[in-house]
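In what comes next, chain A is part of two complexes: it sits with chain B in the first one and with chain C in the second one.
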Partner chain A sequence: MEKRYFNPKIELLPREELGALQLKKLKKIINKVYKRVPHYRKKFEEAGVKPSHLKTLEDIRHFPFTTKEDLFVDYPFGLLAEPLEKVVRLHTSSGTTGKPKALFFSRKDVMAQAELIARSLVMSGATSGDILQNSMTYGLFTGALVMHYGAELLGMLVIPAGPGNTERQIELMRTFGTTCIHMTPSYALYVASLIQEKGLKPGKDLKLKRAYLGAEPYTEETRRKIEEMLKVDVFNCYGLSEMGGPGVGFECPVKEGLHLWEDAFLVEIVNPENGEPVKPGEVGELVLTSLNREAMPLIRYRTRDLTRFIPEPCSCGRTHVRIARILGRADDMFIVRGVNIFPQQIEGVLMGIKGVAQNYQIILEGYDEMTVKVEIDRDFFDGRIERLLKLKEEITEKLRQAIQVRPKVELVEPGTLPVSEGKAKRVIDKRTL
Partner chain B sequence: MKIKQISVFLENKKGRLYEALKALAQAGVNIRALSIADTSDFGILRMIVNNPELAKKALEEAGFTTKITNVIAVGVKDEPGGLAEVLKILYENDINVEYVYAFVEKSGEEALVVLRTNNLEKTIDLLQEKGIKLFDSKAVENL
Partner chain C sequence: MEAVPVLSIFAENKPGKLEKITEVLAKEGINILGFSIVSVKDFGVIKFLVDKPEKAYQKFKERGFTVAKVPCLGIELEDRPGGLYEVVKLISSKEINIESALVYVAETRKKAYFVFEVEDLDSAWEKLKGEGANFLRASDFIKE
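Take a look at the complex of A and B:
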């Protein structure tokens, strides 16, 4: 495989030098927010820390976290570290209650994030000859615009399709010979099913090569399904508006985790319960500090996204750390018999078992008893009880291996559990303590 | 000589058996034989009916998961040892019985049982060779 890099100097920077670069940037940004953002100064003072306390990267642990609640202090301009004259763009991110988070970008911020996207696209094998159909939502959401700027920076032809109107999406793909798409995994599944329905043959009638899928967690099985249906390479991309949108983390062709651009972010993974760093390779909450952001830097931002470090160096040559695909939200995590478990772990196991339909439900009750209800696949049922008992045993054993807790598995009729789209309620906790 | 049996996956939930039987009743399906195999959280309802395809359609429209499989209907003497005589033949020929259950109706002097083994072809040959009476689907439908 030919190896190409958008910014080889930074992408291949030896780890020691990368660390030194991070420390230099971190000191600068900590100083800046201390001086210019009253809320940060107050938080630092309450925690008893000063910028001068930061001597090594590890010292960041003594500085307080930023949570989404902090984004609503002195709303909406309170966390700005630059005067409004330097701000060129607003994006928002929907909050669960009331007001949206307001995120501001300077011209430099916009271009810096575009570079992260350009690096990521080149990493996936794309060139300026590619045609990107951008089917994320344009507007207040960062997803589409940030990708748009990055793809233009690389020199791709960008089709700003936006989401929806699937008939037209497919028409655009055929007319202009789209080679790359950017959308959510659930929409990609929908588009793929409509393409099949129309009798179109991806690989023949369509020129798709790559799909950049993100904005919601999905499993390896879903990736394979989409790759198979659309005859594309699927690259998992990760971002959040608070950190500038997409481009924060991106898969390389090795597809074993996402590289996080460490010249732009200081990356930590902590136990969501107590904020302490987890052991290398252990699952925890991703915490990011923006090292480049000019207008609105955030220090130790709790993303609420669960992942783990992949500590081994990557064969693609890039020195920037890798994380596993996002396993779920810290808020979804539950604890059974002292073990931290999140629904996506269960989902990942179930999707890999033949005979299981899409939906499942986790019920916690009594003295820490965990029941997993699983819908059986209609086509799997052959009237034999042994086959179902074997399936039940297989599910129980594979779940036990994955989560270290032996659940009670119940097979239920297909179509009886809530549909697994979006934010379906997966965990029902009836335990009373 | 095989006859069709319809199997229904039943979750262990209140009213589920009733709903299955209601769907069959509304479709005008008549049940000739019935058994339920159950575990702690699910069961399988197995039936011989007068119209298996209609039964399957009615059940699936009501949301049930079903499967039509082959079994055989055996006439056994309605006297002590009648069924044992049949099972002895299978046992001596190394055929495993997966399940067996009885029809509601008799056919003349004979009791009817549904039989499923690990080798239906061989079972049919053996029983016919020994003069055991088997019923085809037409005979079962006309009971």
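Take a look at the complex of A and C:
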């Protein structure tokens, strides 16, 4: 594999130097928010910390977290660390209720995020000769615009298609010879199925090579399915508006986790319950500090996204840390017998087992008893009870390995469990303490 | 090979489940010739030998049941003490493992059959076909 880097000096920076660079930037940004953002000063004071307490990177632990709620203090401009004249861009991120989070970026912020995208695209193998069809939503959402800037910085031809109108999407792909697409995984599945329906042959009628899929969590199975249907390499990209949108984390061709650009972010993974760092490799909530942000720096921001570190160095040569694909939301987590578990872990196991249909349900009751109800696949049933018993045993054992708790598994008929609509119906907690 | 189709239905252990299943057969005028129920705590498998297996299979499918057709072998039981013993002894002497079984008593009440399911039907047939047993034929009971 030919190795190319957009910014080799930074991407290959030895870890000690990377750490030193982070500490330098961290000190600067902690000082800045303490001086310029009253809300941060107040929080630091309440926690009894001062910028001068920050001597090593580990000292960041003594500084308070920033949560979604903090973004609504002195809304909308309260967390600005620069005068409004320096702000060139507003993005918002809608919450489930009420006002959207308001995120502000200076010109430097916009270009810094574009560089992260450009690095990521080169990492995936893209060059200025590629044609990117950007099918994320343009507008207040960061997804499309931030990718757009990054791809232009690299010199790709960008087709600002936006989402929807799938007939037109496919027409654009055919007319202009789109080589890369950027969209959500669920939309990619839809586009791929329509391409199949039309009898078009990816690889022949279409020139697609890569798909950058993000903005919603998806599984390895889904990746493989899309790769096969569209004959592309799928790269998982992670971002959140609070941290500047896409480009925060991106997969390299090794496709074992996403590199997080550590010259731009200080990365922590904590136990969502108590905020303490998790053991290396253990699942927890991703916490990010923006090290480059000028207009609106965020310190120890609780992303609510669950992941784990992949501590081994990556064979692509980049020294920046890797995280596993996002496994779910911290809010979905539940605890059984002292073990933190989230539905996506269970979903991941079930999706890899033949004979299991789409739906499942987790029931917690009694003295920390966990029952997983699993729909069997209609076509798997051949009339033999032995086969069902084996399936049940396989599910139980694979779940035990994945979550360290041996659940009770119940096989149920297909179509009898509520269809997936997020957490609400997936986990039924009947425990009373 | 003289294999006969047995319908096998996956059923959660819920009150009224067996009622719903047998209702399908009753409504469609399908005659149950033999049945067995195996239950393991949370679920079970119910098996039927019926006179219209294809129709029954389609109707169960249409109504969303999880159903499969399992080819089985049927051997006639002699109408005397030890009749079942003789058949089971024959099967086990060939080291064939019976996975499930039901008994079918023909309408005339003169003949009964031991209908059983094995893991490897072809090899079981090879081992048993030359043993002088009377095998149940699909044409003996199927009316469709």
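We adopt the following convention: the second predicted complex is superposed on the first by the 427 of 433 C-alpha atoms of A that agree within 3 Å, B and C clash if a C-alpha of one lies under 4 Å from a C-alpha of the other, contacts with A are read in each partner's own complex, and residues count from 1 in each chain.
By our rule, contacts are C-beta pairs under 8 Å (C-beta built on N, C-alpha and C of every residue); 3 or more make two chains touch, one makes a residue touch a chain.
Keep in mind that this is a model prediction, so the values were computed, not measured.
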Joint occupancy of chain A by chain B and chain C, clash or fit: clash
Touched partner set for A:L388, first chain B, second chain C, both or neither: both
Partner chain in contact with A:E69 - chain B first, chain C second, else both or neither: neither
Touching partner for A:I376 - first (chain B), second (chain C), both, neither: both
Common interface positions of chain A, toward chain B and toward chain C: 376, 378, 381-385, 388-389, 410-416
Chain A contact footprint on chain B (complex, rising order): 5, 7, 9-11, 16, 37, 39, 41-42, 44, 46, 63-67, 69, 98
Of chain C, residues touching chain A in the complex: 6-8, 10-12, 38, 40, 42-45, 47, 64-70, 99-100, 117, 119
Residues of chain A that touch chain B when the two form their complex: 376, 378, 381-385, 388-389, 410-416
Contact set on chain A toward chain C in their complex: 376, 378, 381-386, 388-389, 410-416
